[in-house]
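Paired with chain B in one complex and with chain C in the other, chain A is shared by the two complexes that follow.
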Partner chain A sequence: MMNTNSTINRTFSEQKKQEVLLRIDNLVKYFPIRAGVFKRIVAWVKAVDGVSFEVYKGETVGLVGESGCGKTTVGMTLLRLYEPTSGRIIVDGEDTTHYFLPKWKAKRYVEKVYLSRFKNNNFQPVDELDRKYFEIFKNNGEEGLLEYLIGDLEEKRLKFRRDIQIVFQDPYSSLNPRMRVKNILAEGPLAHGLFRKSEALDRVGRALEEVGIHPTHMYRFPHEFSGGQRQRIGIARALLMNPKLIIADEAVAALDVSIRSQVINLMMDLQKEHNLTYLFISHDLSLIKYISSRVVVMYLGKVVETAKKKDLFEEPLHPYTKALMSAIPVPNPEYKKQRIILQGDVPSPVNPPKGCYFHPRCPVAKPICSQERPELREVKPEHYVACHFPGSL
Partner chain B sequence: MSEPKPRSEFRRMMRKLLRNPSAILGFSLLAFFVLVAIFAPYIAEPVNPQMLDENGKPMRLDNPYIMPVITWSSEPIPPSKEHPFGMIQGRDIFYGVVWGTRTAFYIGLTVTLISTAVGIVIGSISGYYGGWIDEILMRITDVFLSIPFLLAAMVLTTILGNGLDKVMIAMVVFGWMGAARLIRANILQVKEEQFVLAAKALGIKDFFIILRHILPNTIFPVLIQASMRMGSLVITAAGLSFLGLGAPLGYADWGSMLNFTRNWILGTSGSSMTYWYAVFYPGMAMVLFVLAWNLVGDALRDVFDPRLK
Partner chain C sequence: MEKTPLLSVRNLRTYFYTEDGIVKAVDGVDFDVYEGETLGIVGESGSGKSVTSLSIMRLLDPKGKIEEGSEIIFNGKNLLSLSEDEMRRIRGNEIAMIFQEPMVALNPVFTIGEQIMEAILLHQDVDRKTARHMAIEMLKKVGIPEPEKRVDEYPHELSGGMRQRAMIAMALSCRPKLLIADEPTTALDVTIQAQILELMKELQKEYGMAIILITHDVGVIAENADRVVVMYGGKVMESADVYTVFKKPKHPYTWGLLNAIPRLDIEQERLYSIPGMVPDPLHFPPGCRFSNRCEFKENRCEIEMPDLAQVEPGHMVRCFYYKKVENIHNSSKVGGAK
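Showing the complex of A and B:
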């Protein structure tokens, strides 16, 4: 794990009125490219390269960007379907980064990220988490903090799995073709002991009803359903775990438009009923505009802009966001608007450009942009942009 | 509340099987061999007519798998009414073919089951976990694959000593690689499917992910391959027996019976077909047995392969 000290409090201000459910702190995920007989690592694909953002309880955050910008990798890494290269994933005020590591690695992580700093006499806590863990460290010592963070890892893993669930993009590959729907839906809750086997049919039936599928269909196999119905089953599967956060990874991208709106409306209804928080990963800006309360825009593994939806759509400050906005189709043939067409392709995440990752394609790039990488900073209240000249396009 | 579809799925499979003449032939042959194996004590009574007990009846054999010596003639005796397949080395060929069916099933089923199970375990671990584990297990597989099978089996049998069980051990030790490779390749394909990721996100244990999600979607090609291997294993075992490595002398095993014919295979001078029955009956049993399993394997592939639906 990389050192996170310098970046812990880099991006977001302290003034939070809402409760933070998920905080991603400088998340990095590199994939190795191996070559040769000995499978030596010759390069790294920098899929996610220092992403930080927060998700508040009860809101819907839209994570948007073009194909290959790393938005799906963020989702997968945060679920620990991939192990992060570095950075922290904080859920409900607890660091969960080390949960899915073997115990000795988890211990090494805690020592590196917390204990080594806490043992320093000039230690100054930089965020809420630091204060909380330092308190434990002061009262119970090193052993106490280790016990608090890496004791009962298995228990913690299961809790994490219950708290965060995912709805996948492809309704055709996200359900096991050889299992009946009732088994697909009951598998998770039974493994976690959320209900007893005798209750399973009842609970599964109710969950199906909630997503608009007739409960008697629970004996069917996935191939007997349409794409939209399968996606509903996928949602029911996530829902049965009583999650706090649902990650929707392009959850409706594969559906046709009429079904898409049904599924979206269903998800919004469920959000109200179950107090859910959504992280919507999508490339579809009009969808993001419809559902989310805040938006995070990614480009080439980095966050370029994040703001409340209203602010972002009314006044995009990053040139990339602006270009994306201008590409939203408007259903009015009379309407002629100025399109910003970006030149060139997205650079390879193996060799990202120096300076601002966006400068080779940026219509307003200045010399400094190819030299210095702009950090994400708060330009307006709760509106963060990583650009040297925000709003200049 | 009904589950009509799976049943109709099953019915569809059965219909498909019944419409395929080679599948019918395969399954009937197999059924015939199964019946012969089950009713072997009635078809060829395990008694020694040369030795009578106190009641004047032929004595029952202690071990029915050892063919009784019923004549001391060293030359093969052609088929007669009493011994319809003839006799060789003083033993009844009919008796050997009938009881050899049991041996064939015993060898085929045991070796296939164990080697396929070993292959599935190794291949699953290799494919599912990937990385170093995969690398190590696959290199071990390569090492085993690089040794010529017959040679390796012969060496191992020589080390372990003669006997049917030793041959079977050798065949398992050098016979699991195909299944391992096959299941690994399939798992590599399936493990990136979203339902596997979803199961991980649900917090399902690796063991159950493999058992419930990955194996059911990968195992059919392995089962088909296993059924085809069943036949060829019997040939291999026969080959080893023919070389004198397998079953002990006089064991009711098609391969050892062919071993008896080594001296008579060319017939007498001028008529090479003199002792045809010595080769023909055990050989025919073997050919039909292999054919049955191959046809069954083919039929299973047609039924299970979704691309051929």
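Showing the complex of A and C:
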């Protein structure tokens, strides 16, 4: 997290553009629906259905969508609180997808995803990761690559757990009510050996101070704090692990308006200070606009549009993004906006519609939309849209 | 504004007598609602906005008591002096209410149709067959597809948006003069929220009813209310027509609230933060209830509670130093949209 060489700050803005911290590659997560005496699987909930996006170092990516669009499942799956059905999760240039599998499954994963392709004589690397792993394969053979990817799995898991932290939505259920704040905060870093027990009070105190809570309050229990303060404690807990990426899943949704802006500003200040990277999951497009540098819009388990914040808000190209924006109430009675009221409800992710998932509600759907599913494609520089007729609404 | 209001709330005080002390949830609230208009009540949790609406309906928890001297005049009658029987004839008939969470407000063991018919049969002199027919008509009116089929479905068979539509059908089945909507769209997604708010507007036009729209979302207020009441700590802090409140707020709390929200319509460098916490209703600060979070306060604010005073026709503000907020409007661009 700390920049080892602070003199390179001048070139940092350029660097930031290139360095990919997190890459999600065609992530799929299906949940089985079981029924009957034998609990047979009768259907699948396609919560996340082929999601890809990148998060660069030091930026904030806003992942936005309505309930049921799979945004939380993306967060949970990338944290490996759910195992992905398929797809890859690449953190800091390493494939981490298999980290939390038993060793034999991890081996099977590496064989399937990399070795089987590498052994083919006509193998062509498709991305940076392929090149890197193929190099290892060439130099050290199959055993060498396996050792690189699945050796010391326990160590890799611990590192992963340190590198990615989450701040949850509900500050009431995400702090253990029986533990004092100092123990809640020190538990993780002590388990990971980030600091010694003798240092713990000092470090916890400093972390609390940083999030605007008096250090002497570390002896209190969570119920003695308000919702906003608890959320600050949750942020301090994440910070203490020196994470590379913080996932904030609706982190301010439960807070009152006047408290919400305090916590948002705090998170932005901390980002500047510690060069943090955020994946901000929210249903609130206004908040996403304020906090993000890039935005990913999801609908029914798929990414429908992704672009830089400015491009997305100035020129939304997917009809869903546009409708979503027009549905946000603006606190300005004189503000004239195009009103697009979508008909109907979000369809069930068990039986998503044929063709484009959005076509039953889309005001500009054409016959092809119910037949063919549009792929996410780059319509303008760094502006990706999954629509046959982008910009038509 | 010279017509008589449909509903007048005067010096409403609702206190809850708890083991920890007296919670003054609503402590001197005044406002009027005129026929056919939408009055928005906006406030954060603990501001007393929901208790105000429950007090009007007289649906308070037994611990809550509406204090002597409070007046709720509806159509010339003081609701607080009515007997429970008389009140029951008004509730659901002349004044109806819809709630935030339709799954909680609807009874899970009765069909939608039975629940709508219950209200119709209670307040109107019709037989079951007609009532059922009316229920289907209502469901059609609120935009529920296949109403003949849906009328026999249970609440759990409907989606959140459809349930809220069913709630509205039930509330409007007796053509109330006043509809109280307490956070009607908070549990819904924005695209569904837009549908429901649009529906409420259409029905309001058709029926000519007045609406009290209670919400924490100032955006919803800006787009749907004609006049606005801003509540904080059980008191009205500011009230005016919607343009005045959003363009020229004069209370420091209103001003802070409007600058604390991320917005789609303007670019924001940094959000304003109202310092401190939403106060616990057992321990309001002495003097003005906003004084411990107010950046404009002076010594007087910590001793004395300002009155809700008219500063311009139709614009009421509870602040000694509202001119300070006015000066900000004049000196910088913050506070409203460009």
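Note that in this section the second predicted complex is superposed on the first by the 375 of 393 C-alpha atoms of A that agree within 3 Å, B and C clash if a C-alpha of one lies under 4 Å from a C-alpha of the other, contacts with A are read in each partner's own complex, and residues count from 1 in each chain.
The rule is short, and it goes like this: contacts are C-beta pairs under 8 Å (C-beta built on N, C-alpha and C of every residue); 3 or more make two chains touch, one makes a residue touch a chain.
Everything numeric here is computed off the predicted structure, so don't read it as measured data.
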Quick check on the chain A-based superposition: chain B and chain C, clash or fit? fit
Looking at A:259 after the superposition, I want to know if it touches chain B, chain C, both of them or none. Which is it: first, second, both, neither? second
Please work out whether A:116 is in contact with chain B alone, chain C alone, both, or neither, and reply first, second, both or neither. neither
For A:191, select first, second, both or neither according to whether it touches chain B, chain C, the two together, or no partner. first
Could you let me know whether more residues of chain A are touched by chain B or by chain C? C
Can A:341 be said to touch chain B (first), chain C (second), both, or neither? second
First (chain B), second (chain C), both or neither: which does A:220 touch? first
Now for A:333: first (chain B), second (chain C), both, or neither, which partner does it touch? second
Look at A:169 in the shared chain and tell me whether it touches chain B only, chain C only, both, or neither; answer first, second, both or neither. first
What does the superposition give for the shortest Cα distance from chain B to chain C, in Å? 12
Residues of chain A touching chain B in the complex: 39, 76, 79, 81, 157-158, 160-162, 164-166, 168-170, 173-180, 187-188, 191-192, 216, 219-221, 224, 234, 237, 241
Flag every residue of chain B that touches chain A in the complex, lowest number first. 1-3, 5-6, 135, 193-195, 197-205, 208, 212-213, 216-217
Sites on chain C touched by chain A in the complex: 44-45, 159, 161-162, 189-195, 197-198, 216-224, 242-243, 246-247, 256-258, 260-265, 268, 270-275, 277-278, 293, 336-337
Within the complex, chain C is touched by chain A residues 66-67, 226, 228-229, 256-262, 264-265, 268, 283-287, 289-291, 313, 323-335, 337, 339, 341-343, 345-346
